[in-house]
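Both complexes below contain subunit A, partnered by subunit B and then by subunit C.
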Partner chain A sequence: MAERPPQQPLQPPSEDPEGTLRRQTGAKEQPIIPDLLSLPAGGLRQWAKTSLFGSTKDTILTVVFGAILGYIAYRAVVYVFVSARWEVVFDGPLVAYMLGNRFNQTGLSHVNVWAAIYLLTATAGLIAGVSRANGNRTPLKVALKILAAPIVGVMAVLAMTRTITPALLVLGGIALFLVVRTAVPRLPDAVLRRAGWISMGLTAIAFFVLTGGDPSNVDKFGGLLLTIVVSAGGIVLSFPLGVVLALARRSSFPLIRPIAVLYIELIRGVPLITLLFMGRFAFGFFLPPGTRAPGVIPRAIVMITLFTAAYVAEVVRGGLQSVPRGQTEGAQALGLSPLKVTRLIVLPQALRNSIPALIGQFISLLKDTSLLVVIGIPELLGITEQVLAQLKFKAQGYQPETYAFVCLMYWIICFSMSRASQRLETRLGVGQR
Partner chain B sequence: MSAATSSPSSARPPLWRDAKVIRWVGQMVVVLLALAFLWWIYSNVQANLRVTRLPRGFGFLDQPYGSDIRGSSFRPSQSVWEAFKVGYFNTIRVVALGIPACTVIGIAIGIARLSENALVRAFGTLYVETFRNIPVLVWIFLAYFVVLSGNLPRIEDALEPFGIAIFSNRGIYLPWYEAGPDIAPFLLTAGLGLLMAGLVAAWRTKVHERTGAPHRRVLWGTVVLLATLVIGYFVLGGPLGMTVPAKEGRLIQGGITVDIAYAGLTIALVLYTASHVAEIVRGAIQAVPKGQSEAANALALTNFQRYRYVVLPQAFRIMIPPLASQYLNITKNSSLAVAVGYYEITRVYSTVANNAAPPVQAVIILMGLYLTFSLGISLVANIINRRLQLEAR
Partner chain C sequence: MSDLTADKLRAGALKPGGTGEAIITLEHVDKFFGDFQALKDIDLVIGKQEVVVVIGPSGSGKSTVIRCINHLEKHTHGRIVVDGVELSDDVRNIQEIRRECGMVFQSFNLFPHLTVLENVTLAQRQVRKSPKAQAEQEAMDQLTRVKIPEQAPKYPGQLSGGQQQRVAIARALAMQPKVMLFDEPTSALDPEMIKEVLDAMVELAQSGMTMIVVTHEMGFARAVADRVVFMADGEIVEVGTPEHFFEDPQEDRTKLFLSQIL
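Showing the complex of A and B:
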């Protein structure tokens, strides 16, 4: 599919009334973030004249909101560069924020983590390369929009660390990504066709390397690593369950539909924290007496999966409803069995339509992992309590700095994910077909 | 080849290849498996409760709760069920303030994001992208630990802006109303005033329909209501007063006490949810066909009139289902109060769970209480939604 910038329709304006309208009322159709990388037509002065000082009312608004924004920016800059005591993040505890306090007890080393990161980088390179081979080029401007926040974040963290090793490792990762991406289109077709399976395999190997072959090591993870492992586990496990629930809810089986409806509505009616409490305090009671219940973190992952699956089911159901009836009827007319109609015709289209909403769902899953702190699991937010309890930082009012750092981490991940989902939305043409 | 397989007279296929039969048998199998699974869980729970000698019923609800509840007259000897009732009421207090507040802020920010003015738009974007991309629990921690309890002064040197409110790390004290002995007749008068205002508004509407004169029913109604209230107030000799908090040593007299945990929780929930509401509002306004706005402009409506009479009513119809789900979210997220120690349902549950109550039953009660909220909100949303939907023609 050809890349088309949103404000320059390829067709002549006469054939594209929507496009002309869009350009006439340009201010209303601004992208969600003002486009900082491209200067507005007519130069900066013209732009300021029309959109900042167009009328008296506009001028007042500009002055008031300019003052507010300026004050926020001033306070933020003063805080970050002058008054904040960043030693609570960078003078020792950084490893705890990233990997947790008990990572050393696993017998794993940072090599495992970096190896896993490199494997995932190679996977990302593979996917990007395949996408390239299929003729989908992400323009640099768009890629920058998605990656700007992580780049700034990583650079800020690297600038504050003492040694040069992390910086070199990050550069190595970028190089690996670029090499794989360039190399992939030259690989034989047979490899390209199986790219999906290969990337799944690579991800599984990455997990194996990360845990050193023993998944129970996850119980000793913490910090950002745990946040990511729990979210990834929740995503991978809740997706198939959610699809099955959605299909069951949309099916014509009068006995199965109510089961799916009951499950989805019950789960959606209660807060996640109640499910986490259930996993923490009641899970052991569901197993036969004498069985040893799995660790706290696997139980939490199970509960998060059960919770997210209900929401995924609703998203996929929306996707299923968006597939025109004609598709099903056409497939039936071709003599496909009901199973094949669903698997080959309906489900692929439905899933493609629900990808952006699914990413949204997974962003909220990632944010929801912060609730684990309430049941005493030291993920990114929970680790702050352990850092603040260290003798060096105890009772000295270091909360603002720790929370600011945690906020930044969450923000970078969620913001770039939502950007990526917007990009996918335009690329897949959701709602435009 | 053989006659048995190709007999054209047998219209029905054999039982094991009949699609109808397969469908029903397959469904039965799934249902039976689900029931068997549930039965397995149930019997495991029963067996475990036997082994651990925990009570098997819900009798723990009548046991004494065993501790105080801050900010209420609850006594430790009262039952667990009574404690849950207090918690339920405290959850309602968060939701009742949170829903209107997040709606108002959300609509304001949503409209700001569509402003023609680039700086107003930038402010809206900054707000939404900041609040939406950081977990609500982090906001609650920030509001409670950093902004309120870590920042407010001790009671001795509390802030007293204009002498009408007191801010300290023990609580926030605000002025509040005080009912005199004649409050009942005054409320009656107020009801009467409301009724009269409604009648006057109806009369103005009729006049407007008959003569075309401007109806001004809101103005008329308000004047009638205010007049009744003022007359009633003076005739009854001031049945309604105001108390202002005052500091006497380390004690605070008068006013109303706002728990800091309540304030932090509510502020964080409102600001966070407002960012989602803003996105819904923006999406809904953008979904109103552009022709509507252009037609309004062609009729020379002002900007305000265009929003009030043309765009917002139509956007509102689109907004209701996602808005209802945000209201549900704010209700469910109020359970995070447990992290800052505000006594709502979840907090009561966690105390009960730590006091050796049977864990399974306690969680079931907790979930059941939240389901009442969810069902209530979806019910109201469905009714409103049905009322507002366009009649299909």
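Showing the complex of A and C:
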């Protein structure tokens, strides 16, 4: 099991005189995506001289495209800071964008939301602290990176409100994160070892607090809150299902493999939107007669989960194939049972190899939640219709601002997720053994 | 050459060396990969505390023999008995035999996501259910035996090939096996690292461990082996002491092979 060696300090990298570890994570020196902000060698002037104005043709191209780009940038700046009417976001509707229009009908207050955010922040702090204590080797870091992005997104926007309270609460959240992160490594070992369970527990409590103990309240959520709940639900459920499907697809038992293949190929051959319609209108056919169908949103989560799981399964299958046969043989030769060979040797390596592709899959899951608008669920994109229908904003051409804002929201979340995946990739040295 | 001489040359395969008490018995073992016959009627008896070196050209089936012994490959016909337990398809039976047979691979097959110490304790904890402290003590003992206790907290990727192979030996030894199987343990190593691995194996042989070693290291065979088995085309061609084997080989195929490599 992945327990720490005795008397072994918590930071393997320090004792590495030959620099072998650095070689292992060599990708840090050569990022896959070049850093756009770093200056080219020889200084900006030299670079401009050779690259932009090296010949007459280059000069013409530079001037023409420079003019075009400059004009676009100018119009963008003017739009954002002068002509755009951002009151469609900030003058009232912001709460609707965040929580939806029917949040008040749940009888819950913003306190529930903030309490949930704080619990998740503390969880993130816990995970960050633990991975610090373990010298960044723990897969918990993955969970942190996925969690952190949405939380930061929520906080950033709540901070944009006109009153001071949300900003203070956000600062409080950041402080909480830092305090927990610093405090965690000092906790007893028994707590650290159970950090995975504790963070799962905290997340469950956060969900309980958010819904006030009644999960059916989710049906009255909307806006970004709903987008995050649906995405998080989809990610948390589709990941284990996908792993099971991937293992089933490699199983040597007679019936299991064909069933997994059938499921995966069936789901991958159907657009998500049709599955969502099935969930909306045909879900009842699959339930025993007499049972009440779950709410619209749980059904949507189920459909998104079923859809994503098929793709996760293929990604994980790729990861499984990337683990050399010798690993299985080495583990078998030690007398490990087939189950333990998979659980302790093959799967951890396969999942580590699959991280980049998995996060890509989860980013597209998050973006795919915008399809819920088609079946009438007011998530982040769907809520715009309701905001634009308000008397104050109706028929006054507020669409550009509205959609620009929604784009920005999606972008913040997705971009921070993809950055997180890149950092992880470098840290875990994916592709290098 | 008559069949009679051939039988005589292979008769040595049936007489266990070491203490004279058989620990591994292969009787009429055949192995097919599809239509291809990798092993043809292998008869071999290994004695307790005996060191048997298996040599032969590549594709001769020597690796397949030891992979059949711990059921990484399933033999098609014949019997394989390890320490009184006959190898069958039963998973428990296979695991029991694998516990008795430590195996060292050409490509090390260390687990890259675990530290050296975790590599060596894993099977003790999971298979033997040893308490953590005891498993770690055993691991450190075995790592000390192969002279790399200081590498315990590192990851395999941080070690040299020779060090990795020694970890692999310690990992197998930590399970207290009755037999050690070596599948070309030095073939993937840089020349300067071969010696440190061979030294560990020599020490092991001197301690009385039963070993079956598939190797191209003739020096090792000459110095350490009790018996040398020469295989070609899936058959045991000739068996004998190193003296017999290197000084006075009988079979043409053996002579040809030795002339090519020596």
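Just so we're on the same page, the second predicted complex is superposed on the first by the 347 of 433 C-alpha atoms of A that agree within 3 Å, B and C clash if a C-alpha of one lies under 4 Å from a C-alpha of the other, contacts with A are read in each partner's own complex, and residues count from 1 in each chain.
As a convention for this text, a residue touches a chain if its C-beta (ideal position, glycine included) is under 8 Å from a C-beta of that chain, and two chains touch if they have at least 3 such contacts.
Small disclaimer: the values here were computed from a predicted structure and weren't measured.
Undergrad: After superposition on the shared chain, which partner residues are touched by A:333: those of subunit B (first), subunit C (second), both, or neither?
TA: second
Undergrad: Looking at A:188, would you say it contacts subunit B, subunit C, both, or neither? Reply first, second, both or neither.
TA: After superposing on A, A:188 lies clear of both subunit B and subunit C.
Undergrad: Tell me which partner A:345 touches in the superposition: subunit B (first), subunit C (second), both or neither.
TA: The answer is second: A:345 touches subunit C but not subunit B.
Undergrad: Look at A:406 in the shared chain and tell me whether it touches subunit B only, subunit C only, both, or neither; answer first, second, both or neither.
TA: In the superposition, A:406 touches subunit B alone.
Undergrad: State whether A:418 touches subunit B only (first), subunit C only (second), both chains, or neither.
TA: first
Undergrad: Applying the document's definition of touch, where does A:256 land relative to subunit B and subunit C: first, second, both, or neither?
TA: Touch partner of A:256: subunit B, not subunit C.
Undergrad: Which positions of subunit A sit in both the subunit B and the subunit C interface?
TA: Overlap of subunit B and subunit C footprints on subunit A: residues 21.
Undergrad: Where on subunit A is subunit B touching in the complex?
TA: For subunit A paired with subunit B, touching residues are 21, 25, 27-28, 30, 32-34, 47, 51-52, 54, 58, 61-62, 65-66, 68-69, 72, 253-256, 259, 266, 268-274, 277-278, 281-282, 284-289, 363, 367-368, 370-371, 373-374, 381, 397, 399-400, 403, 406-407, 410-411, 414-415, 418.
Undergrad: Looking at the complex, which residues from subunit A come into contact with subunit C?
TA: On the subunit A side, the touching residues are 1-3, 5-6, 8-9, 12, 15-16, 20-21, 24, 324, 326-327, 329-338, 340, 344-345, 348-349, 352, 432-433.
Undergrad: What residues of subunit B sit close enough to touch subunit A in their complex?
TA: Going by the criterion above, the answer is residues 23, 26-28, 30-31, 34, 41, 44-45, 47-49, 51, 114-123, 125-126, 129-130, 132-138, 141-142, 145-146, 150, 286, 290, 328, 332-333, 335-336, 338-339, 346, 349-350, 353, 359-360, 362-363, 366-367, 370-371, 374-375.
Undergrad: Can you name the residues of subunit C that touch subunit A in the complex?
TA: 70, 72, 91, 95-96, 98-99, 101-103, 105, 107-115, 117-118, 122-123, 125-127, 132-133, 136, 152-155, 157-158, 168, 171-172, 175
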